[in-house]
Each structure stands twice: as C-alpha cells, then as structure tokens.
C-alpha cells in the first residue's frame, strides 16, 4: 500500500462523508458545506493519482484538472451562498420545503 | 290503334307534373282545377294505344315500360276508377288540407298507373310504394280516430308486405339473369325452395289483397274512408294485388300439387270465415270488405287449380283477367252507389234496379269461369259456386236490411248533404255498372245452358234466404274481429316499447356506473402520494446512490 | 472568398461569439437587446457555416492553442454534435426573439448576459472532445441555468433554483469523480484514446456507475426528476423554455456521446435498466401531467415523460443500428422545438390572463388564436401524430422496437402517445370553452405570439425534412461505428 | 405529361389554401370568406371531374413526395378514391352554402370555416392516399381538424363531447399506427396494390397478419362507428348542424368505412382475407351494429341523436357489403358509400332547418311541421324513404345489391339482417313522417323566425332540396353512365376483381 493509494482511499472516504452529509442534513448551509467536502475529496484523489508515472516528476494533467476543479467549486459555492441568502430573505427559512405548498 | 309506345310515360308524367303544379303557389289554382281530369290521358292511352314496349335507358336497373293485354285492361280499370275519384273528390271533399289531399291523390294516381305499365320488378316495387304511401297519406287525413288507427295498421301491414316482397325478389334476383318480369318468372320456375318463395309471395301480396291473416285493416278502412277515396282504394288493391300475381307468378308453368291442395283448403277456410264475418257485419261497406275477401279466396282457389293443372292457364288467362276487372268495377260501383244515393234521395228506384244488376254481374263473374275447369279439380268448381252464392246472399241481405230500416238512423249513417253535387256524378254509379256489363259479355257468351239455369236457380234461392234473414239483426257494433286485433296490436307494440325503454335506461345507468368507477381522476388520485414522497430530497438521493451501485454491479456481473 | 468560408475555424467562433456577446451586453446594458439578438443570429450563421464545412470535409478537428491531445483541449465536431448545435441555434433564435419583448429593461439587463453565457457553454459542450472539458462546460451550463432560473426573484423561483443548483452540483461532482477514476485507469481524458485503452476493471465499473447516476440526475430521469417540475415551472417563460429544451438535452448528449464511444460494448444489463427507467418515466410523467391544474407544471411533467422516450433507445441500440440513433436525434430535435414553443405559449397565457390555471383558460382560442394554434401544433408533435417531427421519431423507434421484438417498448410508446394526447387536449378543450368567471385580459405583443408559432411550425415542418437531417446525422465516424451504412 | 403528377396535390391544396387564408380573415369579412370558400369548392370540383374523365379513359394520376428515406407520401387517383373525392367535394360545396346561411350572425365564423376547409382537405387526402402511411397521416389530420368543430359552441357539454370523441379517435389512431408499423416490418412496403400485397407472405406470419387486421379494423372501426366503438357519434351531435351534416354523416364516418374498404381490398386482398378467415367476424360485427344502431335509434327523442344512431347502423352496411367477399355485395357496399351520404346529409340539413327556424330539437315537438315547412319536410321524407329502402329513392339499390350479393356469396343470414334493419328503419322514421304530415300543428313553435313568404332562408332551404333531388336521381337514374352505381361497377371490375 504505497502512499498515493492511501490518499486516494482517503479522498473517496471524504467524498462519501460529504454525500452522507448532503443526504441527512436539512439546513442549506450544511448542504453547501457537504458539497465542498465532496469536492475536496475528489481533488485529493486526483492529486494522489498524479504520482503514477515512473519518474519522480508527477503527471501534470491531474494537477491541471484540480486547479480547474477548484475554480469551478469556488464559483459554485459563491452562487449557492448568495442564493441561500436570497432564499432566507424571501421565505424566511434556510430549509428546502419538501412538502410542496402549492399542491392544489 | 296508334303505334306510339313513346307516349306511355306521358300517362305517369301528367299526374306528377300536376302534383308539382299544385305544390308551387303560382300555378296552384289552375292545377287544382285540372286535377280531376288527370286520369284522361291514361283512359285515352288504354283505348287508343297499341301494345308496345318502351326501354327507359337511365331509369333504375335497365327498366322498361310494358303495355300488353292485361296491362291495358288494368290500366283502363284504374283510369276509370281514378276519374270517378277525381270527380267525387272535387264535389265532396272538405276544405281542410285541400291542397295536401290533391297532391297525395295525384301521386297515388301516378303510382296506380305505373303499376300495370311497369316492365320490371323494381319499377313495379317503386310504383307500389309510391301508390301505397300516398294512399296512406290520403286516408290518414280523415278526422275520426278509428280510421287513423286502422290506417296506421294498414301502413304497418303494407310496409311489412313490401319488405317481404323485396326479400322474395332478392331471392329470385340471385338466379334471374336480369330484373324484368319474365326473367323473374324463369327464376321462379327453376328455384328449388319453391314453398319458401311461394309463402313469401302469398304473404307479400296477401297483405294488399286482404288475405285471411292480414285482413283486419280492410273493414275499418272500407267503412270510414271518404266517399271520393273508395274507387281509388279498389284500384290500388286490385292492381297492387292481382297484377303482381299475373306478372310475377308463372301461373301456367309450375306444376306443384302439394301447395295446390293446401291452397285449396286455405281458400275454403277463407270462404267460411268470410260468410261468418259478413253475417255479423252491420255496416254496408263492411260487407263489401268481406266481399273483397271472398274474391281473394276465389282467386286463391283458381291459382290452386292452376298449380294442379298448369295447362288450363292457356285457355282461361284472358277470361280470368276480364272476370277480375268485372268484379273490381262492380265492387267500386257498389261502394260509391250508396253514398251517391245519400246525396240524391230522389233516385231510389233507379238505384234499386242498378243494385240488382250489379249483384247479378258480381256473382256471374266466378260462375262464368267454371267452363274452363273439368272434373279433375271439382273442388275449385264447387268453391266458385259457393263464392258466388255467398256474395249474392250477403249483398241481398244488406240491401234488404237497408230497405227495412230506411228510417232507422243507427243503421245507415246519413251524410250531410253536400252543396254542389255536380250533375255528372249522378251517372257514375250506373256508368260503372254498365262498363262492368261490357267486360262481362265475352265471358257470358260461352255460358252453357245448364250453368246459366243453375245460376238463376242459385240467384233466386239466395234472394229468398237473404229476405228471410233480414229479421236477424246483429246487436253490438260490427267491427268485432278487426277492432280486437287493432287493440291487441296497439297494446303489444306499447308493451314492447316500454320493455326496451327500460332496457335503454338501465344500460345507460350501467355505463355511467362503469365510467365513474374507472374514470381517470379516480385512478390517478392514488398516484399523488407516491409523487410527494419522491419529491423528498433524501429519498431521491438514496435512489440515486442505488442506481449508481446497480450500474457498477452490472459491470461486475458480465465480467 | 469561397475557401475562407470553408476552412475558417467555425468551431472556435461558435464558442467565442456568445462569450464575447455576453461580456459586451454586460458592459453596455442600454444596447443589450441589440447585442443579444446580433450574437444569437451570428451564432446561427456560424452553425450553418460549420454545417457545410462538415458536409464538405467530413469531421472537424481542431487542437486549441496547438497543444496535442493529452494535455491540450481539442474541439471535435461530427454529425451528432452538429445536430445538437443546430437544435441549440434554432431554439435559441426563437427564444431570443420572444425574450426581446418579454423582459422589461432591467430584467433584460440581467437575462441576456446569462443567456449568452449559457449559449457559449452549450456550444462548447457540443464541441468538446474530452470528458474533463465536458465536465467544465457542463458546470458552466448548470450555473448559468441556475442563474437564469432564479431571475424572476419570487420565493418559489428561488426555492426551485436552489433545488436545481443542489441537483446540478451533486450530478457534476459524481461525474467528476467518474472522470477521475477513468483517468486513473486509462491515463487520458481524450474520448477516442479512452475508447481504445479501456478494459473492464473495477474502477471503470465504479466510474460507469457514478457517471450514469450523475447524468441521470442532471437529465431528470424518472426517479431523480424531483427538481425539474418546480425549477422549470417557477422560472419565467423563456428561461423554462431554454432549460427544458436545451439544458436537459446537454447532459443527455454527454450520456449519448460516452455511450457511443466508451461504454457501448461492455454492458447489456445497464441498457435494460435505463430502458426500464425510461419506460417508467414515460408513464409516470404523463400520469402526473394529466393531474396538474397549472399549465407550466403540466408542461414540466410532460418534459419528464418525453425524456423517458429518449432513454428507450439504449436497450434498442445494443447492436448499434443507425435508425435507432437517428430516431433519438429526431426525438431530441422535435421535443426541443415543441417544448420550447409550449413554454412560450404558457408565457403568453400568463401575460394575457395573469394566471395559468388550465380550468380558467377562458375562450383563449378566440382571443389568442395564434398562441393556442402554436400550442396545438406543438402538442401534435409531442403526441407524435403524423404530420410532425415527433411522429417520425416515434415511427423510427417503433420500427426498431418491432424489428427486435421488444413488445414492452412498443406498448409503452403507444400508451405514452395516448396519455400525451389526453393532457394536451384537456388544455385545448378548456381553451375552447367559456370559463365560469371571465376576467379582463391584457394585450400580448405580436412578436411573442409569432415566435411561439414559428417554433411550433418548425416542429411540424421538421417532420417533412427526414432525409436531409439523416444525411447531416451521418457525418463523422461515430455514426459509422453505429453501422450507418445500413 | 407531368401535369398528371400534380393534379392530386392541387386537389388537396385547393381546400387547404382557402382554409389557411380564412383563418387569417377578420370576423366581419363575410364577402371574402364566402368568395374564398366557393372558389375553392368550384376549383376542386373542376379538378376532380377532370380526373374522373381522365381515369375513365385510363390515365394515371399520382403525386409522390419523399417523407422517409424508403417511405414516401403518395396521392394516387384511382376509381375508388375518385368515388369518395367526388362525394365529399359536391357535398362540401352544398354544405358551405348551408353553413353560410346557418351561421348567419353567430360568432367565430372565420375559425369555423377555416377548420371546415381543413376537414375537407383531410377527407380528400384520406380518399386520394396511395399508401397506408399517407392514409394514416390524413386520417389523424381529420381527427385534429374535426375536434375544434365539435367544441365550436364553447359550452361545457361541447367540451365533454369533444373529450369522448378524442378518447375514441386517438385510441383508434394509436391502433392503426401500431398495425401499420408492424405491417411495414413484415412486408417492407405499404403501397395500395389492387389485389392486396399480402398474398405471397409465408404462412408462418398468418397469426401476426390476423392480429394486424384486427388492429387496423378496430382503428378504422372507431370512425366507422362499429358496435363497441360508436359511443362518440351520438354525443358529437352537440356540434352545429352543418358540422353534424357534413362531418358526422359524410366525411368522418365515411373515412372510417372507406378505410375498411381500402384495407380489405388494397392491403389484404379480398380472397386472401376471406381464406384468412377474418372477414366473417367483421361481417358479424357489422350485422350486429346494424341491428343495435337501429334499436337504439328507436328510443331517441332528440332528432339529431336518432339520426346519429341511424348513421351508426347505416355505415355498417358498407362494412357488411365489403365483409361479404362477393363482387355484387362489394358493389352494394361501395355504392352505399355515396347513397347513404346523400340521404343522411339531407336528413341532417332538415334537422338543422327545423332547429334554426322553429327551434325544434325533439321528435315529439314535430307535430304538423309538414304544413309550416312543406319543402323541408318533403326533402326529409325523400331522405327517410331512401333510408327505409323504398324503391324510387337511392337506398333500395344498395340494399338490393347487398341482398343479392349476400345470397350469391352463400351468406343467407345477411338477408334476415337486411330485412330486420329495414323494419327497424320504418319503425323509427315513419312515426316522424306521420307526426310531421298528419298531426295538427301546435298553436306556437318553441322559437319561430319568419323569413318573409318562403318557409326559411334560401341558403337553408336549397341545400336539402338539392341533396334530396340528388338522392332521388341516384335512385331513379342509376342507369346513366356516370351514376354512382355505374362507377361502383367500374371500381369492382377494375380495382377489386381484375381477371
């Protein structure tokens, strides 16, 4: 079990923890946090996989992917937070109402 | 005689054009004035035109007009009767619905003239339907309820008769090479289910001629029909009934003793029934309806004889037609005679004389046919004698009852004296009897001495018995059998109506029940609970994880 | 001039134009309408340019910035992507014309930049050649979609948008993890290279599972459709038209692209699973649509049902017959056109009556004949009745299903057609009748009505253009792989 | 001569174009609308008569448009298609005149006439279709075009009637689509060939062919109002009179019957379907519908519902005639296509007149109406007598050929059915005539409109008279060369029983 495999496994556990959090937690802020954890789990795995080519220099492609991933994750989180604030402003609670009100 | 077949359609077109004239408001007054003389072209054609055949290219299915001997005789009879109807109609019909009556009269006239001329079966059917429905239109105008009920029954019987006849023609049509009469006769000869087809023919034509089972509309219609309509009625019955027998049924070519015997006994049964019914009749014209039934019975016995000995037909065909025409004319004369007397009471004595002559002519017609039969079919000969006897007895009986109770109002209805009785109407009754005498002459020529003597003996005895029987006057009203059957008919049909009405309501309620239970809303309302649960966030994500696992497991399975 | 047209880099232009247009409209809000319309029509023209270039020279391949496959981002356009670009351009044009009059000034200021970004993302998605690039463009499309969805600012809109955002992000993350695993096992993200190197190892199956789940969530396949109705129904009309017609199709395109290239050989079980989910989607979507009392919700559920039709192709295409794929392409095109027309009609009716309750469509047919006519024509295509594009798609799919004896698919398609007819004619029925309470209507600008009619008529006319469209679909080897030679 | 290639298309377009233009016309442009309608009708009539003359000489008219790579839309003018096209064109002209008079002053007329022309386009398309796919296209177009006419009044009952109409017809359309696709799978071609293109299919497909036949006939049976699928017709009577006259008596119902004739003769081939054993069940169903329709008609007090049930029973004559696989029975069935059309449209016109002029909807209200409106009732009488099968009017010819054909094909039970149905026809038509002509007129009519001296507006009075005269002429003058009967014979010998 060389070190990259451990990190990859750690990444996957982070991903599943995030997924669990997303499923169970009601509050929107917690859901956004869960999403971020899942994202960082994937990035960790990508970086771990970078150490696969023979030489000591790591494979550049995963790193490129991680950078783009981080950029995307940041913008997504920003949008999510502003949307949540607007939602709280509009409907008073930061919880997605499952019972659809307008079930006329 | 002028050789001009192309004039034939004129006979039918003139009445139709006049009918159109009456309908269109502009030419209405002129058309109504000419209407009574619409039968003239037919009369002239009957007298002057030579025998001929006219092919009508476009009409129906390659149909043509045929003008032969029987056609001429029946055309002449119809022309005279319709002339009488026209004159009487103008004189005595009420103002109510005058225009509609004239139209129906002209249409019926066209139908009756087309019947003797029709060369093929479909044209004949068209003629009978046209005449039948318009006559129904005429008769249904009557004010009192009994006529309308009887006329409704008549319509039902006529319609059913037409449909049965149509089916018979279709059965024949399969074998027949084309639609005209002689092809149909060939088909009739070579068919194998003869009894089925003869039964259909009997039923179809019996409906019009007052066969035993289908006679109940005759008596009320004869009694209550308006004075002007009676000759038209006789013309329709005789041409719709007898022409079809002569044209459609191959009288001379079919040898079928089984049906002949059966028919003979049927004829005897009808004669007996007619006698019974005639005696119970109170009204004069009711008796004449019974006379018509006797004539039909005699006709059936002659047909039975021909079925047993087909070769007789050649010799007697012409005299048979003459006898039928003679009987028709005499009956229509008797029908209108009484009515005319009512309008002109002064003619009492000449009326009695012409009635006596009419009864003689009516009875002598069947007797004059006896010379054609030999000992082989004695049953027919005896039935002819009995028929003549019954007719004389019934007529004399009514005559005596009439004389005995000239003052008793319940017995003979007094018509209100109409205002403008035209002078020519006075000669209608004796005129018709004279024409009947002319037609009787060729038959009387061959009358052998013995038959003439025995006939006079019968004539005197019937006179005597009738005079004796005038003391037995029936008490309750006359239409015993026909009224009862009309009642049954009405109750039966209304019962069927209610039963099927209930069926209809029940089926609609059943259908509504089913559709309510399986209506979309009812089924769909169950689904909304599942939809709400699916919308919950957590449930959705769990399903998503499941799908992911399922897909990856597939990869493992088909490794 | 001729060769300039043929060898110009239309692909690059297709991506740059919308982005540049978006930026300009953001900077100069006063002229936003003009810039927006100009950009969209320019994009449409360049799609035509790309089209005849592809017809002339076959598959279009361009390495952005000169770098090769493993590292650089390649643009790749074959028959299928050209088809999707065409769909996007057509629907985009129609919706843009509609949006000119729909939004007032300050709403337009926010609508156009987002819409042009979305258009750029979509074009990039259809042109990208590697799976990570697909992820990036998918993310752009998702975020732009969420932005647009929350545009109308109401409580319901925000709730719908939040739900939509959560679903999109989750789907993309799963997809990203799948990409990571694929990269781990194959060492490359380029689709053609991936196709050769992949063999069935556990990480590949895990990747397959994750990608399927992620994309199914983003395409709102039956059990995962919870976010779509509320998001599409609460958004404003042109936005819901775009979301329903284009965005949902984008993730399905990725599904299709990966299925054709990478996963097609290895997995029969998955095909049947997707087919079963598709069938369930058709029935479930139609039944729900039948029950809705509000027009926009009904149209949204109709999208859920029509998406089910698209997934029916997977069990049929196991042996890669061309007619099955052309059927799906046809269904995508006609559904996009018809659904966008329907949402624009819903927008008109909202604008006209102030509500979209189906029961109170008071004599709409007499007062808004063009709009209801557009709805009827679009309905004909959704139901798959003969003169329309929907019918051709349904006919090809039925042929394929009967050919392979798949009676369950045939039966479900029949029921789908009848149920679709049920809910569409329910609306038409009410459009004809006199509602109990009549309300005073507000006039609807002609441009909005005519643009809806334009899209609906396009959905019908597409039915008659079967052979040329099949020709376009046949460009590029992906389709040969599907045995296009049949 | 490429002209022949485009005429069928012109015939279809000649009613499509006016329809689309009329949609655009504003409401008060009555003059333009009438002009467009009538010119469209006249042009179509001219083109059709040219084609009839051409086909009589043996020319060939066919338009082919590519739809799918190996399937294209075909419009071909054969004797059978021209027969139906001629009927619908003539009756369209007459009904347009009637509709103009009938809808005087009522709202949404542009919409009405627009959809009216679309319906005729669809009917003509159904008639001219050269293969099953084109037939299906126009068949579904007919459903779409007739729906707005049924719900034209805008009342809730109209909407519900429209709903049931759609439930039946959409279901029927789905069945036909399934049958067509399956047939296409089995045979690879859908072209109508005179003696059917299925005879050389290998026997192991026979059970499949039986199911396909059942599917197609069920789909067509919906519009031809065969027994279990007839529910929509009486309810569709809520539509205005011209709609129920042209559509539910002639166009829509006949499209179904025409489809059955096409499927049996040009797809399966009559001998093949006879020994496939599928025609006898169809004959049973048709016979049962005849009796059932007449029975239900007996108890309808509403005049138009009674006529609707009478249509249900009369259209099944055509199905019966075709299902008895004999040449003469076919002639009877096919000629009834025209005769029933002429007679039934007269009856519906008169029903419309009564409703429009005197406000009479019920049979019980029709006492003495013969005196108030003699000409209308004369036309009604001719139509009714025709329905009963009374000789001078057209009905009896088809009954005659059906009867003789059935006997010749050895199916004697058909004669009983015909007899029974004629009796039932009398039972529900004669009381109407009796109460109209012979009962005294009531003191006042429900809502009477006076039109000066004549009984009702010219536009309402002329059409029923014209169609009644046509029915009478079709009955009386069947010998003429271009009469419906002669043309039916040409169809039988050219298209169905070639040597």
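As written, the chains take the letters A, B, C and D, and residue 1 is the first residue of each chain.
Please note the rule applied: a residue touches a chain if its C-beta (ideal position, glycine included) is under 8 Å from a C-beta of that chain, and two chains touch if they have at least 3 such contacts.
Chain-to-protein mapping (UniProt): C = Oxidoreductase; D = Monovalent cation/H+ antiporter subunit D family protein.
All values derive from a computational prediction rather than experimental measurement.
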item: More contacts between chains, A-B or A-C; value: A-C
item: Middle chain, criterion being Cα centroid separation; value: D
item: Separation of subunit A from subunit D, taking each centre as the mean of its C-alpha atoms, in whole Å; value: 67
item: Intercentroid distance (Cα basis), subunit C paired with subunit A, Å; value: 27
item: CA centroid of subunit A to CA centroid of subunit B, Å; value: 100
item: Separation of subunit B from subunit C, taking each centre as the mean of its C-alpha atoms, in whole Å; value: 78
item: Touching two or more other chains - residue numbers and ranges from subunit B; value: 528, 535-537, 541, 545
item: Multi-partner residues of subunit A (at least 2 other chains); value: 22, 96, 100
item: Set of subunit D residues in contact with two or more other chains; value: none
item: Chains touching one another, given as label pairs in label order; value: A-B, A-C, B-C, B-D, C-D
item: Touching residues (chain side subunit A, partner subunit B) in the complex; value: 19, 22-24, 96, 98-100, 103
item: Touching residues (chain side subunit A, partner subunit C) in the complex; value: 8, 15, 22, 28, 31, 35, 38-39, 42, 45-46, 49, 52, 60-62, 64-65, 68-69, 72, 75-76, 79-80, 83-84, 86-87, 90-91, 96-97, 100, 102, 104
item: Complex contact set, residues of subunit D against subunit C; value: 23, 65-69, 107-108, 111, 133, 136-137, 140-141, 143-144, 147-148, 151-152, 154-156, 158-159, 162-163, 166-167, 170-171, 173-174, 177-178, 181-182, 184-185
item: Subunit A-facing residues of subunit B, complex; value: 528, 532, 535-538, 541-542, 545
item: Of subunit B, residues touching subunit C in the complex; value: 520, 524, 527-528, 531, 534-537, 540-541, 543-545, 547-559
